[in-house]
Amino acid sequence: MTVRAAVAGASGYAGGELLRLLSGHPDVEVGAVTGHSHAGQRLGALQPHLAPYADRVLEETTPEVLRGHDVVFLALPHGQSAAVAEALGEEVLVIDCGADFRLADAAAWERWYGTPHAGTWPYGLPELPGARAALRGTRRVAVPGCFPTAVSLALAPAYAAGLALPEAVVVATTGTSGAGKALKPHLLGSEVMGSMSPYGVGGTHRHTPEMVQNLTAVAGERVSVSFTPVLAPMSRGILATCTAGAAPGTTGEQLRAAYEKAYQDEPFVTVLPEGQWPATASVQGANGVHLQMAYDADAGRIVVVGAIDNLTKGTAGGAVQSMNLALGLDEVRGLPAVGVAP
Amino acid sequence: MTVRAAVAGASGYAGGELLRLLSGHPDVEVGAVTGHSHAGQRLGALQPHLAPYADRVLEETTPEVLRGHDVVFLALPHGQSAAVAEALGEEVLVIDCGADFRLADAAAWERWYGTPHAGTWPYGLPELPGARAALRGTRRVAVPGCFPTAVSLALAPAYAAGLALPEAVVVATTGTSGAGKALKPHLLGSEVMGSMSPYGVGGTHRHTPEMVQNLTAVAGERVSVSFTPVLAPMSRGILATCTAGAAPGTTGEQLRAAYEKAYQDEPFVTVLPEGQWPATASVQGANGVHLQMAYDADAGRIVVVGAIDNLTKGTAGGAVQSMNLALGLDEVRGLPAVGVAP
Amino acid sequence: MTVRAAVAGASGYAGGELLRLLSGHPDVEVGAVTGHSHAGQRLGALQPHLAPYADRVLEETTPEVLRGHDVVFLALPHGQSAAVAEALGEEVLVIDCGADFRLADAAAWERWYGTPHAGTWPYGLPELPGARAALRGTRRVAVPGCFPTAVSLALAPAYAAGLALPEAVVVATTGTSGAGKALKPHLLGSEVMGSMSPYGVGGTHRHTPEMVQNLTAVAGERVSVSFTPVLAPMSRGILATCTAGAAPGTTGEQLRAAYEKAYQDEPFVTVLPEGQWPATASVQGANGVHLQMAYDADAGRIVVVGAIDNLTKGTAGGAVQSMNLALGLDEVRGLPAVGVAP
Amino acid sequence: MTVRAAVAGASGYAGGELLRLLSGHPDVEVGAVTGHSHAGQRLGALQPHLAPYADRVLEETTPEVLRGHDVVFLALPHGQSAAVAEALGEEVLVIDCGADFRLADAAAWERWYGTPHAGTWPYGLPELPGARAALRGTRRVAVPGCFPTAVSLALAPAYAAGLALPEAVVVATTGTSGAGKALKPHLLGSEVMGSMSPYGVGGTHRHTPEMVQNLTAVAGERVSVSFTPVLAPMSRGILATCTAGAAPGTTGEQLRAAYEKAYQDEPFVTVLPEGQWPATASVQGANGVHLQMAYDADAGRIVVVGAIDNLTKGTAGGAVQSMNLALGLDEVRGLPAVGVAP
């Protein structure tokens, strides 16, 4: 079986990572690669690492160009996916790396994005309870945000096991690729190297409602999330430090057991041996999630730290994993399990 | 007036930073520089940036060598300062960059360090309530830990103003110089570049009781601190993201006003204009502290982010600031106010 | 066909990269993993990125442990490979990532390494004239040094085409993984981040005679190489800036044509379009070589810049490429062609 | 004596560094700060590290604004300095950090810049033969380019002593601040971290004729320079690896002696002890120049490596050093001699 895939938004970081992963997927053949502002340019001029596709020319992102593929990956600015998906028809697998179809609550969408809610698609985080079943055979996938991927996987088992109080406090550092290729002064290399700075502080980052949605679903009660993202001097990687009040009677042993049980059959999630803490380099370029946890008796809180690559498991890897499920392929097919370290 | 200063532990990062600052202090002349394992070596071979002192030779750290100075800075492994200070006599100003004399609670000391408590010296963080007065004219100073410096300054005004509940959650990223020059595999450049990883998770870092002590003193009730330090791919800098439950009725305006009032006369603390968040590069090599705060109504928490240079304000700069106070010099004398950015 | 492979020296960076590549090679099954100083430890504690092999335990590097594999990769300190290879027998494919069998000239070996010459094995750089044929079917491979890989591929076509005078001047920056995991002060993250420094200056680096050997063979006359390696603040990657006096009458067009012709059928070498210069990120984690060249009429020199990943094409990728040739597999089998960028 | 200084172009990296240095200069008071595209903005919003000047508002760069200062520093795009200088009058000290007045040869200027030659001002590199005398009392200074600063100081003694042939080959890595704050894709943090890439290859960088000019003047014959700049993953610093054919009979001892003699009285130049090589971190934020040299008998070349901070000694520090000379102040006044390391 050969799956023919198109990538819309191929000039950006998410699009580039999709192409990197698809180039190594044994069942996929890359068809159209599109991009709005760079249409007509050689892909090699924009993404020189994609050597096998260097001579491809970016086409415009139109239904005509995207039709005729089995899978269409959308890495577009939010608000553009619904129209493209509709034009492609229901039989094409559409995998949206944008935010448009992630939230189930229309009011939350409108509050955070200020536009009408486009709908809700199956959520591309198979490791969450119930998610994998909804992805099998689907023709629409909403790929989670990179921070919600890390945070939801880090905290879901604690909530599922009733070990955490419904007030999470999360600080997550991210590599600069998470901010995309936008030409903004604070993203210049001179500014980010040797420096750390937060943004979207005080609960203003749009990934917050997605975390609330995921953790609330698992906990069965509303979970508040105090979320602070921090820009770090590295290109890739998210390290999410996630804490929550410990439910009365929680022990460190219960906590560990909950995670080992929750993820024992997950191919991409590693609960590290006690005492070993995650490092983002370990999952660089890989679809893996590394987790470790502790119970702080003095502060009465649990602390779970998760590491992912924001572009791989956090975006393009999660997208390919969902594609595999949707198409009935082996879930791990074509996805690197080993990080590029050091 | 010329102050004659000795630096014990001059081969390490704290010692090097002390010498860098002292080289630019108009009232200081550097006398002995000592170091145990590197005694007999040229300083230039160990600290090539200290060009003016390159030909100095490290002496052994003994009372004989250290005597005859007006000020002795100690940058030694913990547990060694008491004996050195005693041998120097009460009239010499001894400024300890180690932990030995930071904690007032002997039981806390013994729990966290496992050795008998050596005592408590005036605490070298003049911006804390009451601290400045205790430093004027003193002949003993306990320089705060780097994390407690950042976290205490970030949270003290909120506790002083009654705006925060006594449960703080702190995640602080630090440059690798905070871990010193120890030859450990996880500190190799290959390991830290492009990677982030936590350590001392679950309330096990020894700076925790120092934060609890400082914030409890300000709040007037015991403040718990869930503290997670994270190693970042940069040489210097701490970015501390500090949150606490908001006291009922707290508003964002109150929060900001509390900080602007608390620090309006502080020469080294900058409360940034609304909307501008701290970046560690802005205070690299400087004695400054940059702060910004927000109230997250959804999560019911305040978030205060502070940036310092762990080696400057977090160690050597704080030490020199305390020296200035102890000796009756202008508090800002010889201390850089401008960071080396970009 | 399933090839059973052992990796000796699996705790180091070269060994880790070998395992990363072998984990994605469809025809390879990893058998023994060995390491001297870390024997008995879980691989996951030393190389946490190698998730699929985390529970493997390092064995001692002995003939008994290494026997029974089709391929044995040696990533050992120099001087140890000959004895291991002899004990394994002639029918086992032994691929030595060390220096022992790279030099053909016994006198050169003895001058540079100070020990008796162990011999000369087929040289694992298939892109050099004549090398590929010698690798097909061989049971012994000497993997080139990382710098000689970059420099030889960057300059060989110019010498082969008679466009360069026999005096090359090369400055090559390398990521710190090229220096291995040795615990040396100058390799600490605090020292390397934000800094560049040379080493082995003045023709004292042991990769120099290997470059001289390769370029001399291509040029048909002795080529001198002034080589300066420079340590750069990144984990991986070599950028080699290679210049040589231009042979009389050389033009920029001739130069470019020589490279396009030399590498037109090479699967891993990309001669970039005019005006686009290599960046090491483009080949991070990939087996690719990116090249660009210019003729400087004012200075009368040609300049060729080559980028590789020192651990991939520069070591482990080159080793696997040679394995593929030796075993009659497709040369590109299992080797990433796309870099992990950004 | 208080010198009143204005900085035109204060929103850029050179302007920011000028203000950082001037803030620590005991004899200088900063007057107007100007910037074209950011006029009207708070300096603190653009340069948050300049805490003492945070509330200054950028004015337009006009003669009216700049008049009334003793010194005017120009950090403007090339081509704009002549008009500003003329409007200010001959009695004001004008220090141009741009290229306009660096070249003595009008034809060279026109070839490289494509505009009419504005003239030639005293060259602000006091360590070059004859330069210091021309700077004393001058009212016009052309600050050298950052690369020519490093390369000229690295090679001048060898040429002055007749130890080098007139064909230099230079590869110099630079931190990204050397490229300024321009919003270009290849300067994004995601692109530069973990990567190295050259630019201006093949003798096309505009600093080349300036190096040729300086070395030719010292050598007394035309020196060709093959120059390749390389962008490195760090914010600041230049490491220049400079080689030249060794004049017949040259020895390593002669070479070292030439440098020690040439720089024995220079306050900012350190010829490192034999065996110790420069690292850019050692001079970060300082006005220092670290040099080391070797003679490579096999290749018949000398190699001299120099490290500077491109923004400090390479631009703003050199400018202030020249100001000190022009105004009759102590040459080292206000200039940091110690780098911010690690």
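We call the chains A, B, C and D, going by the order they appear; numbering starts again at 1 in every chain.
We take it that a residue touches a chain if its C-beta (ideal position, glycine included) is under 8 Å from a C-beta of that chain, and two chains touch if they have at least 3 such contacts.
Quantities reported herein were computed from a predicted structural model and do not represent experimental measurements.
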Shared interface partners, meaning chains that touch chain B and chain C: A, D
Pair with more cross-chain C-beta pairs in contact, given A-C and A-D: A-C
Chain separated most widely from chain C, comparing mean CA positions: B
Averaged-CA centre spacing for the pair chain C and chain A, given as whole angstrom: 35
Inter-chain centre distance, chain A versus chain D - centres from mean C-alpha coordinates, in Å: 45
Contacts with two or more other chains, residues of chain C listed in rising order: 13, 177, 188, 190-191, 193-194, 233-236, 279, 281-282, 284, 341-342
Residues of chain C touching chain B in the complex: 13, 175-177, 179, 181, 183-185, 187-194, 233-235
Chain A-touching residues of chain B, taken from the complex the two chains share: 167, 169, 171, 173, 188, 190-191, 193-199, 201-204, 208, 224-228, 230, 232-237, 239, 241, 243, 277-282, 284, 292, 294-301, 303, 305, 307, 341-342
Residues of chain A that touch chain C when the two form their complex: 13, 16, 19-20, 23-24, 42, 44-45, 47-52, 54, 177, 193-194, 235-236, 270, 272-273, 276, 279, 281-286, 288, 290, 336-342
